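Which chain is which? They are A, B, C and D, in the order written, and residues in each are numbered from 1.
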């Protein structure tokens, strides 16, 4: 390590926040750009599975709640792209990388939402898993990222409660509704467990990120925490977690549970999930279809930049 | 009249059929092309209002019946374009004129189909009015047209019965269904009366067409016949014809009835019906979207015209 | 009373159907900021629809709820103008539809603030602030896109020409409207036209768009028009989607 | 018995959903002849679906009808392969989907002609003639368009690449399939693959299209796949439209 790097690591170890204009190692910057960018992409791609049910929400109130939620996700995307921009990469560059398939988004969004119960399961399990990841990141070393996370976490926990509320209504509803809820849990349980990523005990990459306080916990720690939190919630709903080997382990003070099928994880990551083509296709189409709109606004701003403040 | 014209008119007056290769006056040819072309266009544009309910038909049997009916209309289009082609105009030329707005189709198809009862009303009233026009045309002077009409009339009367059958089911059904049926009659009654065109007592054009046996009855005759046929059918259904002045006139042996709003007729004709833009737009889009398909087939046929019989 | 219910459904259905159309954009907008803004307007409109249809159900007095009206009426019972059920088209068409409606909507709500019915006045004074902002935004975007690139100009002109024939219905008075005006509940729609004309003319000029002039107006003659329940073919599809769960699982709680 | 009902729904739902998709083209085809031909195939498939779902309802013995199965099941209860619910796309995608399915469908029906269940054999021997003609037609068009213009070639290749990952599900055996095979009711799907492979290879060669090779196949691993009721997001929209009247007016006669 160079003296600069040592000093940088000391600041991190003292829990100081790193701010945009300050010196940082190249690797730190690059890792953050990748991580924040992927997170931002996940927010906007994550609009799609839930967006799929906005026009079919069963009541006006549910429609409004879901729409507000999906809108919040777009807002989270905004915060995060802004945080990434402080590291010297523009939103358009990040989007270009997404559209070209060079940057990823969370694989969970490559699963379809097939019934209204999925709106519950996504809120409960997917937002639940996301929060598990994000809460510690409020204390991450990079200032703008940390502040974005603080705003996002507040809203996410609200979303998770809304999701759980949908599940409660479904489970207290008709037999068909209860069956839908169980089916949604069956389909989203393992994909939710996959959200924490494969076990990272042997990953050098993870170790460096943890030293930099970009990653705050191991994937396995978070997964365990998620299972321990979620299992009693499922019980409360009267639903069965689709894992015959799930049981409480008194000794370790947590549940034993089955690993997800990691070959499925890698398949989805490689582009072979049920909805990869549709999700990326929808984003690319929105971008391409909107080109004339963005260009129109820029042209107008350019024409009038003398007289009035540029609009973009 | 030239001697040729006199001889031609004599043949017509003797009820002889005129065949494609035979001499005919230019006006006869032109009028026929316009009339047969418009009729052909009406068949294919007429697919759209009923096509609008194929994917929402209430039972598998109704779906099959409706689909078969709309398919028949495409078939009628084919017969009629073929009949027109014997007069020296190609199907593509006729379609081009349709798409450019230079040729018309029956204005009735510029009204929307809003409920399933409209599938009944269209069959009963629109096909009913069409048959009223077409039955006499089986005896028209131009051979290919007459033969096309004979084939078409057979199917049309079948369609009309199917439409009436839908109305019967609706009228014998729930109060909501009966209300839908009444609403459909309310919306389609006057447009159906308009299908015969304005009174043609003063039209020279009509007189010539009648002399040529291209037009067999006056518009008013056909309209009267339609009303007299339809009113008892409505009564049988328990529906009210939306005309407070409708009543039986013993003296003339027919019903007195209110004229439709001819200003509406001319507005729709001028392109201002509720669906003009949509109907023509749908046809143009189908044609444009299908260009690559037609060109692909032609290119293939050209490549293989040596070895195998051209496919088109 | 039946006229009041009828009229409340007109106001509420406009919000419901336009709000629904806007919600179709969610996740597919041309820029993140637009995605958020459109969702916001959709939310405002759905919120207003809950109030208007809630009041409609209350006035009707048959024990129905706003949700019952939204999810259990079939197409002939809807009372929105055809303009708001027009398909989204490209984003320019969505914005133009929004502008043409917002300009009407704002005038209407301003008029309703002094309604003799306190409940109507209450809802209006809540909604008027939201809608003033909608209009500000849609007018601004129409101007910027009309006066943007040649392409954006052409798209906005096309959108205008396409949608303008559906604006007349908003200002066509009928018996229901007259009953509301006589009771002092609502302004006569035709009285809102001069103010709307002025806003539209001003914005179109700033946008360098050509006013379509006196063109045919759907739903203002004969028996048609969404206010009288005669819609376009698009509404049925919208409802089939929107109402699916309530129709498929009658009586369930969500 | 439950396996038999389940299996009959798979066969019937394939016909229903593909027939429905084809019917969406009616009035919008690229040429009049195509419009008619596609409607014809749609009619054949809907007719077959009535027989298969009718038998499914009979075997189930709960007093339901083919219409009940078509119109009153929600998305999780449908058993068609995901391939047939794929959106129509351009006409090339519709034709490619049709070809890939027809080639499977014909092999299946040939196998079913010697079913130990006489009712199954009866339906199959009626349907096999129709489907032989479907395949003849779709294969011919795939060849002509693949070997047509550069544009038509590119579209067909794109359609093939897009749809091929959904073909594996047709040949994936599961417990239901094995139960049917053991009872002699139906051939094991995987046994139909060699014949399908041969037809596909031959037609793609004649069409000068590139076989996608061993690509990922959806619904063949894990828990997904339409045969097990895990569909794409497209099916829900299709059903909302298709089932609207039966859902909105329960118990009515049409």
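Observations
Here is the rule we use: a residue touches a chain if its C-beta (ideal position, glycine included) is under 8 Å from a C-beta of that chain, and two chains touch if they have at least 3 such contacts.
Since the model is a prediction, treat every value here as computed from it, not as a measurement.
The set of chains touching chain A and also touching chain C is given as D.
Graph distance from chain A to chain D, where chains that touch are one step apart, equals 1. Interface comparison, B-D versus B-C: the pair with the greater number of contacting C-beta pairs is B-D.
Note: centroid distance chain B to chain C, computed from Cα atoms, is 36 Å. Annotation: 58 Å between the Cα-based centres of chain A and chain B. Averaging C-alpha coordinates per chain places the centre of chain C 42 Å away from that of chain D.
Shown for chain C are the residues in touch with two or more other chains, namely 74, 236, 240-241, 244.
Shared interface positions of chain B, defined as residues touching 2 or more other chains, are 56, 176.
Taken chain by chain, the contacts fit none of the simple shapes, being neither an open path, a ring, a star, nor a full set of pairwise contacts. Contact annotation for chain pairs lists A-C, A-D, B-C, B-D, C-D, with touch applied as defined.
Those residues of chain A that touch chain C in the shared complex are 44, 47-48, 51, 54-64, 67-68, 70-71, 74-75, 77-78, 81, 91, 116, 166, 169-170, 172-174, 176-177, 282, 285-287, 289-301, 303, 311. Note for the complex: chain D touches chain C at residues 74, 236-237, 239-241, 243-244, 247-248, 250.
Those residues of chain D that touch chain A in the complex are listed here as 74-76, 162, 165, 216, 218, 221-224, 230-233, 236, 240. For chain B in complex with chain C, the residues that touch the partner chain are 52, 56, 112-115, 176, 180, 183, 186-187, 261, 263-264, 267, 270, 272, 274-275, 277-278. Of all the residues in chain D, the ones that touch chain B in their complex are 16, 20, 23-24, 26-36, 39-40, 42-43, 46-47, 49-50, 53, 66-67, 70-71, 90-92, 141, 143-145, 147-149, 151-153, 155, 241-242, 244-246, 249, 252-254.
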